[in-house]
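Take a look at the structure set out below.
A, B, C and D are the chain letters, set down in written order, and residue numbers restart from 1 in every chain.
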């Protein structure tokens, strides 16, 4: 109940601080007899790893995962799976100047208010580094969703105000190939180039950028999600809003639906059981309807910037702050595999929950 | 684990179908020695009651609440509180034609896929009627938040494409008086008049409207919310997305934050511990920072419309459907007290959770 | 988290006080499409009802159950089931003298210490009356266990120091017929007669008696129970120890196993997969092994006695107390259906949990 | 929900197999600002360590604990604490002959039935080795209970049929000094000598012994425990019954209470708020009353014995088995710190839960 767990039957609990000895998670409820190796998880971690673009933190973390329990002779045993990722390149001394001052837009102030203590090194528990554990858990969840015929694809819809072309960035047609073709995971290569330029300019200015991630879930069977509070969309919204930078979540037509009329917003149903449109985003009354699930997450710009900002120190005195450290210029693209992982975990959990419901 | 519970320490479990014998909830974890009477809860229920405007369902429900447990001589005892609201005016036969056909935009199809059975009468468990239990629970939660100096105010920001004036509808200044002055709970009286007109037109056309609700939480102390999954914003997003009509949720600057730069999005901190702006919407790293919490929920138009729609029957054959029954033209304004209730429950829960954290 | 819930997937939350308006429970996670009527539940309640023997409370409660949700046209729908039992014959004024004095052996003192308030009427929430809700829930659980081929039988092994003949009271052979033949649910009719006499003598002396209940579960498939904390025996122990009067629980050989040697205690395994003996009581490493589950619960004598006792009042001053009210002389036999219900609920829950584990 | 977690607010999740890479646990909900070092935990682990008596497994495990998260500069931060204990001396090949045969009295058969796979090496997840994680977590829990003035003391009441002298082994007076004076943790030194002799004889005979552990909790404030299912005694019973070898649990007078009359069993209350006797074992209606909590756990003899036993192999064919490996002759004394740890965890959890209840 510390808030570090998600899922009911497929349950992930993460632990670890940015500059602590390690990060990791324990996964409870993973069914037995699933093939699982460290290599399976490593592939996912490599996508999230820092140091891969000029706009990402230069911190060098191999992010090597160890499976310490729950797997025997290459198969899951049904018992808890412990995943461990050692922190290697934690240059904590670079954060010494943040010991006594609160970074605007960060959890420094709120953690201290909540706990009366904070690990200031690299953001401690509030660091984006914690998401390495989520991605590792997501790779295990994917084993379950994949077996059920489900795939999850996230990509950059907007970055720094630059939108991908809506035709190229159509959730009905966007392909993995399109997405992995550039390092910003944007299905529109021209937009990607402009986004890179915007990142360079922001970096040069000591500033940072935000963006919008879109996620499409394909192959999801109807019937997943639990009325009335653990709706599929409610759980997905919580999962995405639980990522540090996310300030808004929408499903299907989302905010645009608020401006529609009922006749327009409703998706007509065609025989034998197909939806003519997908304003619902694949979910009706909190339960999947068999159509693709479509989600969007709005990500604020990275809070840590070199540009000098007005703040206070821990004694309440005014202070000026220029955050040096090692930081990304935007959470995009590194947030992309994190979004996918969160969605994978929610889907795996609801697949297991549905097994208990179904006769 | 049926999905009908929310909250960890202040826990609400709702039960009941639209045309069943009753609706209600059991509230666990309410602290003892709080003054609580049926009249306290009734006031909240009366705001949500159907039959109060021309655009709301003409169903006549007195919505009289009974407290069946957990209260002794006018005070809570710390044991579970059962709230019961009998259904009186359930005209189930009006729904007979919906037994064999799926209403577009509704949970009819997905409930049947999930459970293999559905109570078709008035939407069964998926009906908006279920929210009467949430509003009742919210009134109990409010006792806890009120004692902590917190207030929650929701209002109509947009309806049918008509936006309230941003100056009148400013979360920093909007007052309860402004909100209750018109029956659409819109702080801008002119906009409210246009909204009423739009509702009349939509009703005449057999159609329905959507809108945006904004919610401001004042007086919330810093330190509420749990890293890293049970963030305050994550729990609020889940709570609001768990309301039937909601398709999007944002906090603070929300989707607009995605287009900002870091220097603009960060809220500078002024001595002794005040935020110059509030793009964060009162929450940093998932923990309240003492500023107002600001939320917006996008509500799709009501799915039940008289206009004829294309659908299928339970055998997969094509069908035409014109939903007669008794329905609102928009979830606004009746969703307003529901949004407030959901937020109240989340806040009460996190207030109790923080007591366990604090030394 | 108020402690009034049990079960993870088949989850029962009870509510209600002895002299409140009603008692009842909400059942979450009951699978859909199960036949369920009020008559099904009534049969179970009738076994627990007061006023049936001379040694039981003369309180006259019809204990009529109403199903208020979760059932449609005679079948469960998968949504929460609310069961309501109105309290009719609550003679609260008979308890006025208990307002200011603590009954020895009761929760009066501890509830006041915990909550700072207590409903003194008839024991409030701590009353045995609360178990009416458990028996109702157990009747629903039985639908699930019965479908899985499982039966649960509880009976009186000892009452007031009088033991049933071990041959007649052998869990391997004891039959329902034997048990229901006398009103003390004792498989040994001679012992039952002596027990009745002991009850009469205790009643005449203004005193009360304790006893031991044995429970046998037949037909349970192997594989139920979750390592390492939610072991089947751990969950059963918690369930039984959570009944007011129970002070000890043992499984299989129980305390006698502590005096055995390993060679004696181990149950040899015979082909194809049968256990030669059953000292394990049907559970190995917390997981059922397919043999009968055998449990025993030690019940203390009823605390409410007419014999004058030494106590204190709520101001800490010494007091003498003779409890009048309406009380059973022993929790046996009325605790028998309660024990069965608790076991049924645990089994139903683990049946559903195993469905999520099994491929 | 895999069953490997215990506690609601102070929550411990263990992971690890006997011959896997490591064992450990994640602790959620530990309050911030508590002094915690590896040395604090090591002291507790050293008491449980194998290889310390001739009757314990000769496996050589240093059982060195690492704290990987949740502690900053020697103080807890309120975030999850990960404790890691590497397995060093896992002689797995010694277990090769157990790959295809089920050990009587063990979980081999039931794990395979449940999961369709089992890690046969050293018992896998069902091994007593898993309790190293519980003892580590118990040491953290002790920080919380100690600050509340609570102490927990467990000791050997009976081993191999030899009972400690009831005067020396009186929960009212037994001291830590008495208990640690001999390596069987028995407060009666003469009995301890006889117990050692019995262990030698059993070892020589290739057999094993059971025993009874008694636990006394001192200094516990009144008011802990939650009606009606999460009673303090119910949670303690579950915790103790969740230890592999335990087959029975009793509290206070326990099974003896079943033979008492009410006037005898009730503990008279003396001014200002003291109990004349303690048949209740410190708990009334599931809530602590301020008197000492007294518990007893019946432990079966170790299942792994050299004496040849009848069993079957995984194909259902008959087999003879003599378990070689490295095993204790009795779970006593190594189960003693495990019992203490389980009780510490339950108490720490209920202390935090009570904070949320109390105004």
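Basically, contacts are C-beta pairs under 8 Å (C-beta built on N, C-alpha and C of every residue); 3 or more make two chains touch, one makes a residue touch a chain.
Treat the numbers as computed from the prediction; the structure is a model and nothing was measured.
Peer 1: Given the two chain pairs A-C and A-B, which is bridged by the higher number of C-beta pairs in contact?
Peer 2: When A-B is set beside A-C, the one with more contacts is A-B.
Peer 1: From chain C, which chain is the farthest off, judged by mean CA positions?
Peer 2: Relative to chain C, the chain whose C-alpha centre sits farthest away is A.
Peer 1: Take the average of all CA coordinates in chain A, do the same for chain D, and state the distance between these two points in whole angstrom.
Peer 2: Result: the chain centres lie 39 Å from each other.
Peer 1: How many Å are there between the centre of chain A and the centre of chain C, using C-alpha atoms for each centre?
Peer 2: 46
Peer 1: What is the distance in Å between the mean C-alpha positions of chain A and chain B?
Peer 2: Chain A and chain B have C-alpha centres separated by 26 Å.
Peer 1: Got the chain C residues that touch at least 2 other chains?
Peer 2: Where chain C meets two or more other chains at a single residue, that happens at 1-2, 4-5, 8-9, 14, 29, 32-33, 78-79, 114-116, 125, 227, 353, 356-357, 359.
Peer 1: If you look only at chain A, which of its residues touch chain D in the complex?
Peer 2: Its residues touching chain D are 1-2, 4-5, 8-9, 11, 13-17, 20-24, 26, 28-29, 32-33, 66-70, 72, 75, 77-82, 84, 114-119, 124-125.
Peer 1: Name, in rising order, each residue of chain A that touches chain B in their complex.
Peer 2: Chain A residues touching chain B: 1-6, 8, 14, 102, 104-107, 109-111, 113-116, 125-126, 130, 158, 160-161, 202, 207-212, 222-231, 233-242, 244, 247-255, 257-273, 276, 279-281, 283-290, 298-305, 307, 309-312, 316-318, 353-354, 356-357, 359.
Peer 1: What part of chain B is in contact with chain D in the complex they form?
Peer 2: Listed in rising order, the residues are 9, 29, 31-33, 78-79, 227, 352-353, 355-359.
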